[in-house]
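Shared chain: chain A. Partners: chain B in the first complex, chain C in the second.
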Partner chain A sequence: MNDFIFFINKVLVVGTVQGSIYALGAVGVTLIFGILRFAHFAHGDMMTMGAFIAYALATIAAALGIQTFWPTGFIVLPLAIPITFAAALVIDRAFYRPLRERGAKPVTLLIASIGVTLMLQGLIRLFGGVQPLSFFENETKELFRVTLPLEGANRPITFSEPQLLLIAATVISVVALHLFLTRSRLGKGMRAMADNPDLARVSGINTDQVIRATWIIAGSLACIAGTMLALDVSLKADLAFNILLAIFAAAIVGGLGHAYGAIAGGFLVGFSETLAVFNWAILLRPFKDAIPWEVPADLSIVPTEYKLTVAFVILVLVLLFRPTGIFRGAST
Partner chain B sequence: MMGAREWLMLAGLAVLIVLVGMWFKVPTTIQILITALAYALIALGLNVQWGYGGLFNFGVMGFVMLGGYATVLVGYDVNPDFWGSEGPVMLARALLAAAIGAALILATMQVHRIGIKGRLRTFLLIVAWAIAYFGYRSQVDPAAVYIEREAGFVGGLGLPVLIGWVVGGVLAGAVGFLIGKICLGLRTDYLAIATIGISEIVRALMKNMDWLTRGTLTVSPIPWPVPQQQDVVAMGVTNDTLALSVSRSMYLVVTLVVIAVLYVLLQRAYYGPWGRMMRAIRDNHVAAASMGKNVKRRQLEIFVIGSVLMGIGGAILTGYVQLYDPSSFQPINYTFIVWVMVIVGGAGNNLGALFGGVLIILIWNISDPLSQLLFLELNDGLAAAGLPTIDNVEVRALQMRVFVLGLVIVLALRYAPKGLIPERIRSREEPEQSTRA
Partner chain C sequence: MSLIELTNVHAGYGGVPILNGVDLSIDPSDIGVIVGPNGAGKSTMLKAIFGLLEISEGTVTFAGADITDAEPDALVPKGLSYVPQEFNVFTSMTVEENLEMGAYIRRDDFSSTMASIYDMFPPLAERRRQKAGELSGGQRQMVAMGRALMSKPILLLLDEPSAGLSPRYMQEVFDQIMRVNRAGVGILMVEQNARQALGFATRGFVLANGMNRFTGTGQELLEDPEVAQAFLGG
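Here is the complex of A and B:
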């Protein structure tokens, strides 16, 4: 039974956490693609930037002696989110809008987003340094242990407070996004513009406003995802660049431009990764006597070092066989 | 071929090089120039892919790493522990397993000929891939463990390192061919994401295949194709700095010769019918296809040629520092910087790519000491005003390079979207006249 709980800890918990982060990032990428028609490569660094803003605010809060039941990094989010999306709006205004107005091709904007990536990386390293930082220097990271009332299960299911908060934050964000996209005028305008920009414009939708809303949503989600990721592991300058591929894979699996698809894609990629690196020999251990041949010690599909290849393989397979994503025909 | 703008830009670059030479010491300047030329070659490769072919390759780093590894494989000393052990046999078995797997997959791909189609064929393909993958893993995993335990890593072949440069090109080209076969049908931004993934995978492999590359333990020293400082001293040059300069200059000359040859070849190809065809495909591949051009095959051709150039550039770079450290490769230093070079220099123009390569490396190298100076000045001002000063000036100044790089690319996109030396299109009737604005 303990082996099964190990499976839950390693696959279900970790997969949900990874999936949530990928989903939050992928929604931003997919919205930007839907509205502005370019792959926003700076999105990973926008997440890192959000995390660093939250870290700076948490440091200030700690210096002021503010300490609550919740992790300080989580408490400062309501302040960090507006700062992050304000930065996203400034970036758009300074670097993307001039190109858009010139009528530049989407590829040019993509290259510009590489420039933005480099500038953000430079600034983050300039101010934050390259060494890993922890949100939990002055507080303890709470761990929850749930013991299942099952026979033979004496190991608990373990997850940490940031992980729980992350999942809660993801659920709230997704519900809020859904309500925004389906109920509000601006959200409907966004979907219209994603479907057909010219038609949206002649129908009197304020495209500038829609673009601003896109950056606000994408920036907010990036800030949440980055901060929660940094709370879960640690804060580094290349925190989110390393998961950029997984985020893009998630967005493409769901179909670029489709917000709900991106959420599903995020969890799909997250679970695929954890399932692929999970050592299946552990689940076979209880049946050791029943299996006639010897079970090898390591039965993972992909060694942990090559976890990245999972996202890549999913990406290439989807692009080759279902380039519009796995939910072909879905709108939004 | 060379207009006023080109001469002006090149003259500016020459002045910049002289200034840098006056600021840094001579050996350092030569070192910067070697790096600059190696990068210029990599930029030339990207220019072929992006400028000629419109192919979005964000995996430059992967090809550079492959080229660098080739110098290790060819140039590094033979490891007798490996050759004396069971290692080669085990590796041969792994190779055989890989070959059988590949044959199985290729055979399964042909089952539609005997009437198996649709889902059944897909299912069989998946099974074939799984058998091939696990068959290979079952052979290579024990081999890896065994080699790491008995011999450390496979070592090199002990051949002249110049052969390694060639092998670097061939290796990168071969991988480019495989990638191109799979990914070239993808749309621009999808290709970008796919190639970024491939370069990350190459990095993960190089870092973790300790039996092949020694991973984080790094391999050094990789021999030089020319005499090194101590050899020059042994020849009777007593001045150490002079010896260093002489030795580095020789490396520079070899690099220059390689670049000059490749540049001339590319220029000839570019102004020949082949180059015209490539530009036609880039600008309108539907029209080109309707004129009977095999678009996919041409794009594959161009992807491979670009990859070969990147591989050679990577071999020159790694060969120069004599150290192969897979964890030192970062996308910023090997992919994005090359993109900045091509965009700033002028996509579609070989001279522009060379120019951009040298210019960006100069900027990259001077922005570190310049920002240090700036920070120290700032600190003086802050201290005078009684404010807290900036700490860790050296570490922080180093990061300014990345910021400057980003700034350069967004400024270039905004104010010189065709690059500093834009692509020139000559028409047959009026050479030198018509330029595409």
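Here is the complex of A and C:
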């Protein structure tokens, strides 16, 4: 039984947490692709930037003696989100809009976003340093332990407060995004522009307004995902750059330009990673008397260090068998 | 006063001239039909009016105001609507959402306009929750026209509304155009099926090599032996 709980902790809990982060990042990538038609390479660093903004605000709050029941890094989110999307709007205006106005090709914008990546990483290292920082210097990271009322289950299911808040924040963000895209005028205008930009233009849809809304949403989700990731682990300059490729895999697997696909893709990649690195020998341990052969000590599909390859295996498989993604996405 | 007037318009794509000084004017109650051989610049003319390509010379006035090189999102509120020939519906959105996008610039309650469009195109009312991409060609054309009418235009620009439709649907689309016109909307359309379209046109324009060749009422053009010989296949 304890082996099964170990499976829940290592696969279900971690997979949900990873999937949520990937989903929030991938939605931003997919929306930007749908509207602006380029792969926004700097998205990971936008997430890290959001986390650093939250960290700076949390430090200020701690200096002011503000302490609540909730983690301070989470409490400052309502302030960190607008600062992050304002920064995203400034980045668009300074680097991407001038290129758009000159009719630059998507690949030019992609290269520009790699430049933005380098710039953001430099700025983050300049102001935040290269050491990992923790949101929990002066407060404790609360852990929840749920013991299942089952025979032989004396190990608890464990998850931390930031993990629980992350999942809650993801659910709220996804529902809010769904309502925005299907109910509001601007949200529908955004879908229209992703569907057929020329027709959106002749319908009188204000292109600049839709582009601004896209950065606001993508920037907000990036800030939430980055901050929650930093609360779960620790804050480093390359926090989200390391998972950028998994986020792109999730967006492509879900079908680029397709918001719901990105969410599904995020969880698919998240769970696949945890399932692939899980040591399946642990689940076989209770049955070792019934198994006629020797169970090896390690039965994981890939070693933990090669976790990132899982995203690419899924990506290759999807592109081979369903090239437009699980949901039919916009073509490149 | 004419509803729209083009004076000596020159325009083209990336420096390649397509329109070489065309003139055109229609009244608010007109159905204007532009015909001519392939490559004459018929569709280009509509795009030039709608600000989709740069006009290098000449002027376009609409309802008394100069709209030369105006942006599309500024033209729709002025009462101009445009239905492109291809890709003229949002395929991933429902019929109703397509119509809502046509009313994007409107901040008032547009439910009565939507109801009148469902009256005009009953098949759309049944399929309002269906994705526009799942509809037949004729129904898509209805969605496209309905979308353009949602902004309550006073002039509707139609680029080959009968393209790709069977003769039965073609007549249906032409009937709808006449009905829209009777409701007080001026029409300016490009048409490949010249003979049928000139039959109900109040103004006809024959275009060749980016210049006007003949202008008159639809009937006059149909009866002109030279027009019939050169452009209507005898």
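Quick notes on this structure:
One rule holds for everything that comes next: the second predicted complex is superposed on the first by the 327 of 332 C-alpha atoms of A that agree within 3 Å, B and C clash if a C-alpha of one lies under 4 Å from a C-alpha of the other, contacts with A are read in each partner's own complex, and residues count from 1 in each chain.
Everything below uses one rule, namely that a contact is a pair of C-beta atoms (placed from the backbone, for glycine too) under 8 Å apart; a residue touches a chain by one contact, two chains touch by 3 or more.
Since the model is a prediction, treat every value here as computed from it, not as a measurement.
Measured by the number of chain A residues touched, the leading partner among chain B and chain C is B.
Of the two partner chains placed around the shared chain by superposition, neither chain B nor chain C is touched by A:216.
In the superposition on chain A, A:126 makes contact with chain B only, while chain C stays out of contact range. In the superposition on chain A, A:202 contacts chain C only, with no contact to chain B.
Shared-chain residue A:185: touches chain C; no touch with chain B. In the superposed model, A:8 lies in contact with neither chain B nor chain C. Chain A residues in contact with chain B (one complex) as well as with chain C (other complex) do not exist.
On the chain A side of its complex with chain C, the touching residues are 185, 188-189, 191-192, 195-196, 198-207. Chain B meets chain A in the complex at residues 56, 182-183, 185-190, 192-194, 196-198, 200-201, 204-205, 207-208, 331-332, 336, 339-340, 343, 392, 395-396, 399-410, 413-414, 417.
Residues of chain C that touch chain A in their complex: 50, 52, 72-73, 75-77, 82, 84, 87-93, 97, 100-102, 104-105, 147, 151.
Interface of chain A with chain B (complex): residues 38-39, 41, 95, 98-99, 102, 104, 106-108, 110-112, 114-123, 125-126, 129-130, 241, 244-245, 248-249, 252, 303, 305-306, 308-309, 311-312, 315-316, 319-320, 323.
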